[in-house]
């Protein structure tokens, strides 16, 4: 990406010969296209240009720098040929947010592959829309077990780890009534994890039809289609009707359009919890009445990105055949690297479950 | 109060002769004027008219209905002449919010003295701006210990119980850096309880000067005056300067003007908790950016009213001589019942610490 | 039960003619035999004699006292003929534990059907091993939906509500490794609820074989049979082998023999949580090393009985066809009232899944 | 220490000339004698011999290894001459407990100065009872602010950080009734932090008289002396009398003798929380009835050691003049290094507030 809102171009950068100790050169096998990539492409987050996008990636180790053995986050020694995934973000472990406040996702010098590195600066290869990626020694890598196919991990993508982080902060409890707003990858991951956590009822509000249907296979019990309920008022009424007139115990916003947050509040029963997962980009202001927070006695949680342990958790979840297959089936569109613009367009226009690049 | 935003008038209603079993007739000794009364008077909450306002009240039992012994919330038998306070709100104990969801302050048929009863309907005497009040059998009454003067309980008022409820939902923890927005009664109660809970730093943002000074005596460590820092930007910068550039661990909004909530977000460090205590009335919308919730990874809590156990807790706190005296000294203005309009005006124009009516 | 450890006898008491307002006379349809009944029969809990045992009961309303409509805990009006269940315990709502400390299961004047009422005192009919039971007006009754068969609710019994209460205090979280000690009704309910809450691995340690097998149908992933691993050391080693050498994230003790608690500690990883559900009766002391609590940095939770909201929650869970059928299938033995001694013996010798009396 | 339960001897080891990068050589100014040192000396914890004891230490930086700037845990650059303290334990940051389970105090390869290093192995100088100590690069060091005297930090010692960790896991809440068992350094730190956290009543059960008196200056409201109440039964009755017959909301065991834990349970009201802080060494078994955990519906927490952030928190607390002075006054006995045996004896026989070594 050389300019926001312009087609991506294919560039060549040198593959490094000699690696520094602990560096890992990976031949990329699959890179997911995340909704955040669309936000980046629209210029809604501050990123350096030009940028090699791609922060959901799996590949095989081609080379390891230095003479010493290196280990993945779980303590497994890594060797050439190993198929690995990794946490896209790296926190410093030393700053105000990493240490006393224990909010490493808000690390003051956090950097993420596919987001924070300028492609024209050496060593260039810091994004997933590429044949190769060069991982820093501090990267939290995970050797993938054979029981977890690449399709499952990319199918889950950072949507799954984002949902796991959010639900750690604001857990769904056994028997809860849940509303999930949005049926994109984050919404589906939220449905899946709400289902796994024992929700009694999971109402999904969103579209389009093919995604809503997929939400049903992930555990949604009630589908509220934007086609059938095109106004906020109609959707509110429908959710109230489905919840005995009161609203849900927990609402998970996975839409990303600011106005969705106003709708979230209407879906909450008094004393409910609201998890705002979708507002990852700054997409502008809404008219908002803060009296609602007090009067409905709400609890609202924001959650940013994820930590390596959520990748660890995701991989363990995907060893369960049920989730392994459902997330793998999210991938509906596959493109070659040179078709990246077409792939972005497919995602932007909500045509896909999940689109991936295969170098 | 016969009309919103018009002077109150003095009306006469009959004192009931025969009481129903469990009813308690109380001769009022002191009634506090709460900021909420101003909101009621401005018409910002839906209440019936005409209304005998007054929901912070202490008095002496004149008569008890029925032949059976009655008991206060703590199990003490009540007798004629006992000096008592009571929780202004009564929850049904049986509805969706009282039972499965355990949110009794959001009880579907909650009624509060001084707020929910039409004065023209028998038995009329359901508010504190009066010589007499007739308490329903379900009222959570508290016989006041001699060590707790009436001035202390009314000085704390429903501001103290509201703060206790809020801080139960969103506790200040040992060593926390706290910002309290607002230096009215709720703000001062929040300062006091943050201080009692072990806050290391308590920054109060507000005015006017006489109240800020009082905040200092309640435990504030830093005062940010609206006079010295008249713009939101200046206040934000001041709070950042006082918190190492990051913002506070916990922010407690006790202002009541909607725009204050936008300022709250700026005072929060990433990962902070925000307690919205001041938006008791519906005073309109703000321009709000929901991206902030996600990006700053915030936790936002609303809290409505209080339960009888918070009155219990308040009375125990006020047995501590330090809090007993500080809250008693909040009362700066005393009026007779016929001076109620003058009293309201004093409160509305922020001239008082706390104003009370003495029938 | 007229004497501990002696056969029960069949006695006749008058069915009341005129009911007091709010009292409900129920014709019993099914009464479960609970493990606690065995403890009662052994004399391990202080109960009055003679006693009509039976605290897990479903029946049909025969008569309602008074002229007013009465309602179940959920607000449904109750009528003659309605099939109902109820919470066996009644808390006063007014004491130190009910009010300020909010521990109603430890209510100072708590009474439970089938446990706390002397059969020779009027109105006699306060237990479930009977044709009739007379419910006090304060009872939390539940009109049963048609989708919840009597077999399911009695199959779950107070084991299910006890597990729900325990897991509310000490929740299983998504991805947890869980050890459940014991494969009786409480153990199976704990397995079921751990499964529903998203446990990744559920190891059941217990016996006999027919119950362990049932644990597998409830969601256990690993079975550690007392036959195959007859010593505490062997069981410990087996659990460590199944958990990467570390022990479980959460251990749920559902055995009831005191020594099981020492075994629990060995099954815990450092920093684990231990829920002690099985020590309902006082069955004596163990040799215990308190250093373990500190060194392993444990969190240990006790939980006593349950509240009406756990019955509400259980009924909602049993509307899910999966749980409805599994719990119904727990009932393996059915007896007539006059076969109660035979039924008790079946339960005492661990021969049954669940045994019930059918008047 | 060359043998358990034998006098310590004074040995000479070489001060290293050249330091490795990041190593810090510190000239010791003061070393506290901790109760754990007595347990070590008694052989109640597995430690290597010979051992230079001493894990509460303050000193001045003599030399820094390598050419690069080094920083303390808070990000301050460290320079020769800086007065520093440090966390005695170092966790690896990579193991099962450090990473997925987030229990770094249970790190599988945790090492602590003054506890885990054999003195005969280079570089020898890894304990505080010494003129010099050599700190590993991974050590969490803290440059001490001028407002925090060495006496305050050593006066608090690891008792204060241990209490902070424990109370983080099991917090004292505003208005709680607290029992602290033990009036040694951990007990006094627990009293101080309970007081700072808003406890309404703090009952200290312990002795001897001079320490109980000191507990009063730290915030205890009621003192139960072992002299006046020599039996467990008398102490139990006294605590019940002081708590309205029910027991405390939270009990903090800081004694270290196993039998104290049985006494803890008696001091708990039903539904109370119990924090076991004192069982740091394995001092044997007790006769224990696990039924109590269930019947009293208790919550029991163990806590092991502390993390760097608790040292950070302690230093910030000690900047408060009240705590600065109180903890400094704990130091009642000062010895030269060659008087270490006399110092240990003073601590072992409970004669001191806190004893320190001044090299």
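As written, the chain order gives the labels A, B, C and D, with residue 1 at the start of each chain.
One rule holds for everything that comes next: contacts are C-beta pairs under 8 Å (C-beta built on N, C-alpha and C of every residue); 3 or more make two chains touch, one makes a residue touch a chain.
None of the values given here were measured: they were computed from a predicted structure.
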{"item": "Minimum number of chain-to-chain touching steps separating subunit B from subunit D", "value": "1"}
{"item": "Of C-D and B-C, whichever chain pair has more C-beta contact pairs", "value": "C-D"}
{"item": "Rounded Å distance between subunit A and subunit C, as computed from the means of their C-alpha atoms", "value": "42"}
{"item": "Subunit B and subunit C, separation of their C-alpha mean positions in angstrom", "value": "43"}
{"item": "Numbers and ranges of subunit A residues touching at least 2 other chains", "value": "96, 102, 313"}
{"item": "Arrangement of touching chains [line / ring / star / complete / other]", "value": "complete"}
{"item": "Touching residues (chain side subunit D, partner subunit B) in the complex", "value": "164, 167, 171, 173-175, 193, 196-198, 200, 313, 316-317, 320"}
{"item": "For the subunit C and subunit D complex, residues of the former touching the latter", "value": "96-97, 101-103, 105-106, 169, 244, 246, 249, 258, 261, 269-271, 276-304"}
{"item": "Residue ranges of subunit B in contact with subunit C within the complex", "value": "71, 73-75, 93-96, 99-100, 102, 308-309, 312-313"}
